[in-house]
Amino acid sequence: MKNVPFKGIIAYPITPFDENEKIDIPLFKHLVERLILSGNHGIAPLGSTGVMPYLSDEEKEAVTEATIQQVEGRIPTLVGVSNLTTEKTIHHARFAEKAGADAVMIIPMSYWKLTDDEIVAHYDAVAQKISIPIMAYNNPATSGVDMSPALLKRLLEIPNVTMIKESSGDVQRMHYLRRELGEDVAFYNGSNPLALAAFSAGARGWCTAAPNLIPELNIKLYQAVETGDLEKAKDIFYQQFDLLKFIVNKGLPRAIKAGLSIIGENGGNLRSPLKPLQEAETEELKKIITTLIN
Amino acid sequence: MKNVPFKGIIAYPITPFDENEKIDIPLFKHLVERLILSGNHGIAPLGSTGVMPYLSDEEKEAVTEATIQQVEGRIPTLVGVSNLTTEKTIHHARFAEKAGADAVMIIPMSYWKLTDDEIVAHYDAVAQKISIPIMAYNNPATSGVDMSPALLKRLLEIPNVTMIKESSGDVQRMHYLRRELGEDVAFYNGSNPLALAAFSAGARGWCTAAPNLIPELNIKLYQAVETGDLEKAKDIFYQQFDLLKFIVNKGLPRAIKAGLSIIGENGGNLRSPLKPLQEAETEELKKIITTLIN
Amino acid sequence: MKNVPFKGIIAYPITPFDENEKIDIPLFKHLVERLILSGNHGIAPLGSTGVMPYLSDEEKEAVTEATIQQVEGRIPTLVGVSNLTTEKTIHHARFAEKAGADAVMIIPMSYWKLTDDEIVAHYDAVAQKISIPIMAYNNPATSGVDMSPALLKRLLEIPNVTMIKESSGDVQRMHYLRRELGEDVAFYNGSNPLALAAFSAGARGWCTAAPNLIPELNIKLYQAVETGDLEKAKDIFYQQFDLLKFIVNKGLPRAIKAGLSIIGENGGNLRSPLKPLQEAETEELKKIITTLIN
Amino acid sequence: MKNVPFKGIIAYPITPFDENEKIDIPLFKHLVERLILSGNHGIAPLGSTGVMPYLSDEEKEAVTEATIQQVEGRIPTLVGVSNLTTEKTIHHARFAEKAGADAVMIIPMSYWKLTDDEIVAHYDAVAQKISIPIMAYNNPATSGVDMSPALLKRLLEIPNVTMIKESSGDVQRMHYLRRELGEDVAFYNGSNPLALAAFSAGARGWCTAAPNLIPELNIKLYQAVETGDLEKAKDIFYQQFDLLKFIVNKGLPRAIKAGLSIIGENGGNLRSPLKPLQEAETEELKKIITTLIN
């Protein structure tokens, strides 16, 4: 049977920087610990939230190791290892496996739009070099390539490609996935404002940066869905909708960092060219969070 | 309180033509009767399914009268009265009211993209001339204009604009609507493949041509949602997903007519330039329907 | 050889209404006369500029007859006869021919997206009933269907479909057309801001409402292109670019009517739901026109 | 006065790899030499064609140095130094300047969509660290951010941002640029199939990989435009249109490499995940090239 280590809320930590724009590893570990203690079901460093593409190879390795050390096996870890070249993707995937990751996430980054055959060969080459499972990630907005259900089906024929994360923002894609790939396909939602629709459609989990700010609401939504209580799920979803919308619209690293400050946590600095939210934006976020907490 | 006469499954009949491409009113009445007997909660002639834009003024009036006569008040009726000019829209809205319709549906048809002010003035001019409620219908793909939640809010300030039908195909729009317009907003889903997601988001009803072919499944989905049973709703939705997808992709009038033949009913002819489905398409539909029935 | 009666600047009159929103035929004739006297090479009533879709059958016939009477054969006439149904399109095409039009323009209006076969059958049915040439018009934004070069090639096989008007707004489509259909294909540009690019690509004419306001500049651009003088063409194009951009952005009927007032001409009223430009918009247009005239 | 070192045809070399996917520097120098000898007016290593994003820092530096050495000042060099982080962009820009580049090209790469202020700060930070001119490059399809004419205007206020390369694929953008930024703005076309339209609109140069295969046709098009001969420009453009379309559709590195083989030149290997063209695609290219040469 397929190895599918994730279910529920998979939390994405940000990568905090110090005043010189170097990664602040102790602060990172603290942020990871918060995500574990608040009850999330998985943790995923080096995602978009963690500004993985802005990091050097050495930095990615340091973040990977820091995560595994801090988690200490309490919840499963999903490490982002995507890279434009196949060689580098293999390098990072092997590093993650050796460091102790439970799975890796790979999006087919593509400066030059890749053909279906190139994408299959890319995943296949990586899969052959590791034995932990791979989550194939579809997000046309960031990768520049839209993997069709038919292509995802081909990828799932590779033994250790066992999971799909879908972030195209169109819930109908999840319906197609399930029809095309069967009821047992392990697909995960990566589009925050679609959380309710995706769970209703059968998503096994929700990959999200929101638990940095509102873990209880995220987890409660999952629990309501698990018990099949649609009314409750709807209520909890609408409570958090404004926040989900906000963090997506403003960019996750900027918005999560601002939100951490608002709730009294240190989120560190951003790396240029990313800049903090404008003051008016921060005020808007403050209002949303205040409403949620009271 | 606002007059909101619809809830549940609102069925859209096709308009059947004879061999000379004239409307076959007796057959139309028979198709309406089927929709009533199969338990739908409302009926909506002169929608896209009913090829309203392809009919002359006299034909629209004949269809309106035939519907009211056949329904005899058993379920509420929603008559499409949209037109490019304000004057004609008023004409058809008044006719529908006089004929006994419970409400009218109006989409802001726009050859020339309308401004928000023009759209508000258009609805307002019609609303002042009738006393039955209006469902404002957003479908950028057919109207050429996308009404924002902010604009819809303005429309709902007109006393007898009481309902919104949303067919932009993006479930997030329904989330925005509910956040922007309040929990009590009466919004309806017009995008078939979004039926589950829309009901999960709080849609009060589903405007659909599918009950011409699979009324039990459509109604069961609504009932599962009403009882808050997410698992059951999901199962029933996925059973009908292929059919919903098919009828949308092939065009509702063509697909419904072909489906009626498959289940042994007469759907009449289409009006040119619309042509029947190709044979291979009909075979595909036959397979989908056979699976559903057995 | 193919009958191709148009070359150069084909001017589109607006349809003026009186205070009761009825067509003002004497004023229409005056506006047509202006377009003839200012030296345009063809005239095209009942286009988008002439709000054809907002008119009744009788009104379309009156406009057709008024045009032919006023033109008196001084320049060729191209009458818009598009309709959602094939039957009505035939009706108007025959009327135009009988009234003395030199050609008809047909866009495949499509509430329900038409298949290629349906479109070919539609044009073919009309073509068989008239003997004057047909200009096939591609404008996905208003018709809802994008005719590929391959489909246009099929249409050109119908003997009296002899011209193509392309308004998709992408100059590359004109390159594809010429490559696919041969150097002799008679294609016309319907996208005002592309006037220079389209002529550079080999367009035989420019279908435009701009001559209602700036006929000399429109005609001079054509003449510069005809003499192969790229520098001059570029200069003249950039002189009129702001005006072309403005009238397209604001909607041709609204913008032309406002522009006529500015230059001291009467453009009549619009038909609801269309409303006049806002005051600030009119001021902007006044500035653009003043710059052009001085 | 602004320092604008480019005009005419700016040729983009590919980066060739050996059988181990390491850069083949001697072959690269040979390919650069071909571009110089065939009469191009500028050379631009480390562009998209040169798969810059797939290279390590060391590889980028080696390619930069190899170019400058080979060119020996015969034509001006434009080195791509774009990077996701500001720090790395500065690093590569300084390296290019020190190595002897005449200018650098910078696209605002953005995994996280950048705000206008972030983009200005990014360019400004780089500009302060170098004294050679910068070409700001707009290509929403690869950078994920579309720089408006208003934003480009802000960038041009930075003293050594002196040139704009526009690759959005919409010739109207060039019209807007020239209207917004004035007649003297130095803008360059980066969209191959728009070569004629862009030159007609006033583009000062054409950034293109096509001279690897058909330098004479590219240069002749520029010369026809320079002499203002529109007919000749049109003829020469249509001659090369199929090739331009092909190399863009198939991806420049793949297509140029295949084309080099066809004309008897060695283009080396690609770096994974990029794979060679399929056989049928190569055949199609062979036909296009054969037609051009004979």
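Labels A, B, C and D are assigned to the chains in the order they are written; within every chain, residues are numbered from 1.
The definition used in the following text is that a contact is a pair of C-beta atoms (placed from the backbone, for glycine too) under 8 Å apart; a residue touches a chain by one contact, two chains touch by 3 or more.
This one's a predicted model, so the numbers in the text were calculated from it and none came from an experiment.
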Starting at chain B, fewest touch steps before arriving at chain D: 2
Common touching chains of chain C and chain B: none
Relative to chain C, chain with the most remote C-alpha centre: A
Intercentroid distance (Cα basis), chain C paired with chain A, Å: 51
Rounded Å distance, chain A centre to chain D centre (Cα mean): 34
Gap in Å, rounded to a whole number, between the CA centres of chain B and chain A: 38
Residues of chain C whose C-beta touches two or more other chains: none
Touching residues on chain B, where the partner in the complex is chain C: 21, 48, 51, 53-54, 84-87, 108, 110-115, 117-119, 121-122, 125, 141-142, 144, 251-254, 271-275
Of chain D, residues touching chain C in the complex: 169-172, 175, 178-179, 183, 193-194, 196-197, 200-202, 225, 228-231, 233-234, 238, 241-242
